[in-house]
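Next come two complexes, and both contain chain A; in the first it sits with chain B, in the second with chain C.
And now, the complex of A and B:
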């Protein structure tokens, strides 16, 4: 049977966040910086109570961690995307973007389409509800470009008919996007 | 068996078959039932023999 692996990025898209896990129209988030995309799954801390009569564990106590995060670096600064990420005033006639003093937390859904890495399958990862803070990274020099550094705090969503909150989804499809029925024969 | 029309392309890993949108195919009852739920197909013809005919055969 084919293997399901995750790697390489074909494209990243975004839309307004959805609390129900339904997004119909995605907009492109172009020019991803190589090696900048990282999904961090935070793990809770463990503490142990041992028994007095030996070093054996009596009980493990797990403290929940902070939520997961997703970071993305963008090489280009598209005015439409800038207006999603920052509080801006954009004048298309002069391609002028003015940045307001206030900070903005962008509430976005983010879809990452990976490259087919193995057995002709690629992974589509969707985060439906994220709070994105954006900063800059890199000096402005002749051999670098200023990057937009997005840090998305991953929130939850609840699909219709489900009672448990979800954070993200992963779906493997064929290289051309065809859905796969993996039901055992 | 059922004759179905494919509404959305999909691949069946167990058989290695890929069905393309617009195509017509013959599906087992199980496969047809599964993908009627996903909305990927539309059942055109149920090729089951009528119950009455079956019952007659068994007699």
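And now, the complex of A and C:
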């Protein structure tokens, strides 16, 4: 039986965020730093109140956690992408990018296409609504390049006809992108 | 992705310039990987590769060996250090801290005078090579 695993990154793409889970055109995020991509799923805290006379739970109180996050490191500082991530003034004629003092939170949709690690199936993960804040990491040295450090706070979206908010989707497809029909025969 | 052949091709390209060619003389050659036999009387350069990694930033290494015909002193064949030094210093200047479009080279390890199995003397110049891959997908 085919296995659905998630591993390796073939490519990451981005677009303007969609609150309805619909994106038609994606742009590439070039040169992903090895080992930099991490999806953190935060879990809420459960507290229990017991009755005085025993260990029996009287009530459970669930405290939601901070929202989920996604971190991505990029080695390439493409001016078009920089203008999405930072508040900049870009002059294409001279490739001059000037960074404004104000901070910017980029509202992006992010699509991660994984590698087919097992059984020729690769996973496509899509975050339709994220708030991305960007910093730098890595010293600027002879041996390494400065890295863009993206931290995306994952927001929700609502698809047409559904009443519950969603955060992300995972879909497995064949290595060539063909959709898999997993309907039982 | 770049391979060992790219290293020898690229470095040979850096060395195949008038400042080197004029020092090699009419019969001198710049060889990739190995020097043919029977060249003891010629001034040659040989560029070889020690391999390259397959990572986002590819790191490679190689050698340039500067062969100069030996001279006879007191009935003994010895290295022509004066000519070797002239050629080696031009090679060093051409390979150290070169930032090309698709790759970089620099001199890192010690370079030294050595003797080949056929008795030829050569000056060994180890160099490093680096290239950043685009569309690297093993992330």
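For the reader, a short list of remarks on this structure follows.
To be clear about the criterion, the second predicted complex is superposed on the first by the 184 of 185 C-alpha atoms of A that agree within 3 Å, B and C clash if a C-alpha of one lies under 4 Å from a C-alpha of the other, contacts with A are read in each partner's own complex, and residues count from 1 in each chain.
Following the convention adopted for this analysis, a residue touches a chain if its C-beta (ideal position, glycine included) is under 8 Å from a C-beta of that chain, and two chains touch if they have at least 3 such contacts.
Since this is a predicted model, take the numbers as computed values, not measurements.
After alignment on the shared chain A, the placement of chain B and chain C results in a side-by-side fit free of clashes.
By the touch criterion defined above, A:115 lies against chain C but remains apart from chain B after alignment on the C-alpha atoms of chain A.
Shared-chain residue A:138: touches no atom of chain B or chain C. With both structures placed on the common chain, the touch criterion links A:75 to chain C but leaves chain B unconnected. In the overlay built on the shared chain, the residue A:37 is in contact with chain C alone; chain B does not reach it. Of the two partner chains placed by the overlay, neither chain B nor chain C lies in contact with A:97. For chain A, the partner that touches more of its residues is C, with chain B and chain C as the two candidates. Of the two partner chains, chain B is the only one touched by A:1; chain C is not. In the superposed model, A:182 lies in contact with chain B only, and not with chain C.
Taking every C-alpha of chain B against every C-alpha of chain C after the fit on chain A, the minimum distance is 25 Å.
Taken together, the two complexes place no residue of chain A in contact with both chain B and chain C. Of all residues in chain A, only 1-2, 174, 178-185 touch chain B in the complex they form. Those residues of chain A that touch chain C in the complex are listed here as 8-11, 30-35, 37, 75, 115, 144-145.
Of all the residues in chain C, the ones that touch chain A in their complex are 55-57, 132, 134, 136-139.
Looking at the complex, you find that chain B touches chain A at residues 8-15, 18, 34-35, 38, 40.
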